[in-house]
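You will see two complexes here that share subunit A, one where it goes with subunit B and one where it goes with subunit C.
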Partner chain A sequence: MIKKIITLFLILIPINSYALIEVDITRGNLDPLPVAVSPLSIDEKSRKSFEKTLNKENIGEEISSIVENNLSTSGLFNPLNKEAFLQAPDIANLKPRFEDWNLIKAQALITGKVNYVDDKLRVEFRLWDVLAAKEMMALAFTTVPTNWRRVGHIISDKVYERLTGEKGYFDTRIIYVAEEGPKTQRIKKLSIMDQDGFNNKFLTLGNELVLTPRFNPTSQMVTYLSYFKNLPRVYLLDIETGTQEVVGDFPGMTFAPRFSPDGKKIIMSLAKDGKSDIYTMDLENRIVERITNHPSIDTSPSYSPDGKFITFNSDRSGYQQIYIMKSDGSNVKRISFGNGLYGTPVWSPRGDLIAFTKLHKGKFYIGVMRTDGKGERLLTENYYQEAPSWSPNGRVLIFYRETKTNDKGEGFTAKLWSIDLTGYNERQIKTPTDASDPSWSSLLSN
Partner chain B sequence: MILSKIFKNTLIVLTACLVLSACATKKEIATDIKGSMQGDVYTGTDTVEYLAEGVPDRVFFATNESILTTASRETLRAQAAWMRKNSSINVVLEGHADERGTREYNLALGERRANAAKDYLMTYGISSDRITVLSYGKERPVDSGSNPLSWSKNRRSVTVKAN
Partner chain C sequence: MNRSIIISSVFHAVLIIVTAMSLPFLSKKPLDIPPIVSVELIQIAEKTNVPFAPKAKKIIEKVKEKEKLVSEQAPPKKVKKTKTKTVVSPDQNKKKIENQTPEAIPLPDKTVKKIKTKEENKQNPEKVDKEVKQVSEFEKKDLFDPNNIAALIDKSKEETAKVIKKNNDITQDQERNIENTGLTLSEEDALKAQIFGCWSIPLGLPYNENLLVRIKLKLKPDGSVTKTEILDHARMNKPGQGFYKVLAESALRAVKLCQPLRVPTTGYERWKELQLNFDAREMLEG
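== the complex of A and B ==
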């Protein structure tokens, strides 16, 4: 549904198929690309129409600032101060005076305009290579005016893709658990927001404990753990209709759910008689399959993107370690052999890496390793942090971090953080309340 | 300054030992914490409530463990005797973990701990249909502190009257 709301068409095919400006995202970018985001120009009539419908004085400027913020938080771009801009937005969009933009050291320039057409929002934008004095890309969108924030995210994604050669991750949402109240009696609610923290919405009321929400591949459904009626079970929630249902009829606690990459199955753990094993349930025919059968704790399962393998953590060796197996449960192989305990393995969308939480000498780390367990890299160390979730392009990890309390047991907080795969660009993601268990959606538009 | 640094280092070593519960210095830790821990199992009575006189409601565990200590077995035998005397009472065993572990693993660990208690009650003649197991993982600590003593109080299985 969401995908169809926005129609997108190309005005011009980029003149050069190779980008003159290139941003390398494979290493920590200590020298972000200076980019000028000229505010989207708007004629007075359109401006007034949007002011009336959206209650925003200048929607062009608002959309531009979304783009600016996205590019800046990616850590790869450095949006320049608008006060230094010499050329007016409307003229810049027609024909930039490249000398002027060069003067303020901009290497890329984004221009565009907004129109109010038949009650719709029409946006066109252009990306310019300042040094080569060339247009790199030009696109236009038409959508319902209330989608204006998404337009800003889509422009950001297109710019990111053109300059880095990889898909962006801005037109996405985060589902997470909003937390309030004292540490001993936390109230937890499912919550969803745009990737930049806007449009936050609570999906449950907080009457029962909820944990670990995860999106399906189309980001329309969420699977999570709820303590409804004090029976901890895996649930399925349709975000648009609000319909909820229990997943399967199991004789014990089901937890740690995730979707299979085709969205047809839910994989989860069942805890019974002191052991936890991994099961799948087919959402269409409701057939349940047992994947592991071991007296140990097997949990936190996550599929490889092709659906052929599963990574999970198990304490069958005595302590929590990461394993992989074929999706039918055969060929179980331990892959983590470093010092410490390993948990919450999550397969990257590119398939080549597994992100994890590691506990070693009283510190918690978020790290990545290759799927054979080699090439372990720890990205961040803290008092407590866990549960990484990948951005859809596999370049950023979101996770949550808890603080140590003081001598009186006060000062507890839980917040969402993100970090680039490079280990750089660590930042907190603002949420209205404390937050944990984030899960990143797929790209809502393509 | 120096003192706080030493303290910090001790704490790091201490935590490291707690993590690796097979650590050789386990017994040395116990004396550090005012006799309310043995190994890293809580032995105090701060948080304990009583189901009846002489029947404590909870047992405590070592880090990452679900093995019942001698004291835990004694507590559970008292609970079993009380349940035999009060045959109409059913119980919920609520298993918990401390905050120093991943959420999902801790849910499983809480279940394993509560089951250890359940199995022991059953060996003393309590029927399994009188016992329900419920894991809270690390979601419901009794002590909000971030130190080994607080964590030891939170690693527990609590027997709660269900009716």
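== the complex of A and C ==
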């Protein structure tokens, strides 16, 4: 009993202590994170085997430079100069000497090892937190040696995801329209490449005009518009197998076919009787359904990632503006109210933003706004640019930009560019020819 | 029956004791209501610049008027003797002496020396913190205006005692104030500015989610961190909390990178434990 009382007494005695001081940290720097990408170590036997099969002298270094390039182009990371590294790659992979990496101001370290096992490429890599002196992630992949570039992209995606909290976008492809020849007689071919510009391939010969290729968000299927006997046709192309089919001939003009988020429908605009409305087509039963019915021009439809809403542009207010509606065509609501004309709205895969092209006072802008139209941000301004397409993580936009011709009609170019949501990280994506109408695929590996 | 009464009375006694100990005003002598001075207390440091509120100004003006009246009534002759006795009275504790800085009161040479030697002995920052409390410009100028004090002292011993009591009250109040509000504005600013520079915000985080990472730090007097503890640690390893984990790791990196932290040179007891609340929403929203 006495014990209980004493315990109670002790509990209730007020402890005279200082209140814990709280400091709110609401700002930080937006500088890229310094990362050290150590070359992947490789033993002599494996090195020789890969040299034979892939004609690459040191595949470990090649893969690490893919990772380095990807992280650098994201704008979120700053890969440090390899010449400053104090520790050899093979030892670093076993147990990094964190003091050495700390010394060159690295906050994260990527190490790894490449092996040639049973005619296959085996890569293991580790991500280290240098300041906390601990391993953050360790993974291994085995694949055919020809896939070595994809291995670099997959490692980049895993590192990106672990350090930023969102999925990466490096193991992806971009489909676009490759353009050649003078402006009046352009030859347009469907082309595909890795997101870093490598492995470029032409998918059509250039006999017919191709326009607006768009990736299916769930598979490696593409829909695009091509002219056959001067009539637009919507095609489906399976990138994996190369098979192509006509979805349908549509009377009048057809514009901008795009997949629904589940990949089962195509949404597009069709011009009939002097007005243009939005339609969907079910790819299984080929039933066409009209979504809008308004005596104005409604074009460029794009689904929200949950498939419940559609954004499109329309001139029903007198000027071309951006609208959203439910996927059945009800509750149409205008969301853009700024000066100028707004077009090509594309809903972000994250669902929080809509990207658009804006024309104002003779300049073209690529910008983003929230789905309620608030928070409009113009990311880039130029003479002519349009057709933004989101990276699968909703962080980067790819679009094309044309340059002005001079008096003699020379100097015209069309190139692909990317910009991230901060608006600071703008880069040209190198293509063998001029390029337009890019579309970003979803991640090839999940 | 008897047993119940005994238990009940024991409990009542315990409760009374506990209540008595819990209520600090009971343990101290009841304070005299300060008759004259009302002071706007701020924590002063180099960068702090808090203007007096209009209300406070009015009070200050009133106080000045009152004090002027007092000083007019007081004959100035006996100042020296009484001043020495009252201000550097051996009965007074260190706090009082510290409060009355040489700047504020033109004391006789001997007294100043005494004070200086005491100050020099206090090399230990912990002690200094407890004992040295800065006083606002207002306090220095008005409360310790030599004329006023002289006048008060001259009046009678009772009056001087009141002034000293008042000084004590102010010291206690200010101490309480610092305890309650934590660091001064400039101390907080310095620490924040340092961590802002070290914290690389993961830009992929969603701006519309409630992501707040609270980290408790244990610090050495030189600002180096001996222990970090994420207060919602369980959330780190929960599925679907990837963003929280990324933010928490970035915050930990910032703390490690910033070491030693720019902490105040004094008052270790106050800030030996700190809580940093990392919130990136403002930055991510753009």
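Observations, loosely collected:
Following the convention adopted for this analysis, the second predicted complex is superposed on the first by the 414 of 446 C-alpha atoms of A that agree within 3 Å, B and C clash if a C-alpha of one lies under 4 Å from a C-alpha of the other, contacts with A are read in each partner's own complex, and residues count from 1 in each chain.
One rule holds for everything that comes next: contacts are C-beta pairs under 8 Å (C-beta built on N, C-alpha and C of every residue); 3 or more make two chains touch, one makes a residue touch a chain.
Predicted model, so just to flag it, every value in this text is computed and none were measured.
When the shared chain is aligned, no partner comes close enough to touch A:197: not subunit B, not subunit C.
Shared-chain residue A:338: touches no atom of subunit B or subunit C.
Once the two complexes are laid over each other on the shared chain, residue contacts for A:217 go to neither subunit B nor subunit C.
Once the two complexes are overlaid on the shared chain, A:305 sits clear of subunit B and of subunit C alike.
With both structures placed on the common chain, the touch criterion links A:329 to neither subunit B nor subunit C.
When both complexes are overlaid on chain A, the residue A:263 reaches neither subunit B nor subunit C. When both complexes are overlaid on chain A, the residue A:166 reaches subunit C alone and has no touch with subunit B.
When the two complexes are overlaid on their common chain A, residue A:206 makes contact with neither subunit B nor subunit C. Contacts from subunit A toward subunit B in the complex involve residues 182-186, 209, 211-212, 225, 230, 232, 252-253, 255-256, 269, 271-276, 297, 299-300, 313, 315, 319-320, 340-341, 343-344, 357, 359-362, 383-384, 386-387, 402, 404-405, 407, 409-410, 412, 436-437. Listing the residues of subunit B that touch subunit A in their complex gives 11-12, 14-16, 18-19, 64, 66, 99-105, 107-109, 111-112, 115-116, 119, 133-135, 139-146, 150. For subunit A in complex with subunit C, the residues that touch the partner chain are 1, 5, 8-9, 12-14, 18-33, 76, 107, 129, 131-132, 136, 160-166, 350, 352, 377, 393, 395, 422. Listing the residues of subunit C that touch subunit A in their complex gives 7, 10-11, 14, 17-18, 21-22, 179-180, 182-183, 188, 191-192, 195-206, 208, 216, 242-243, 245-247, 249-254, 256-257, 269-271, 273-283, 286.
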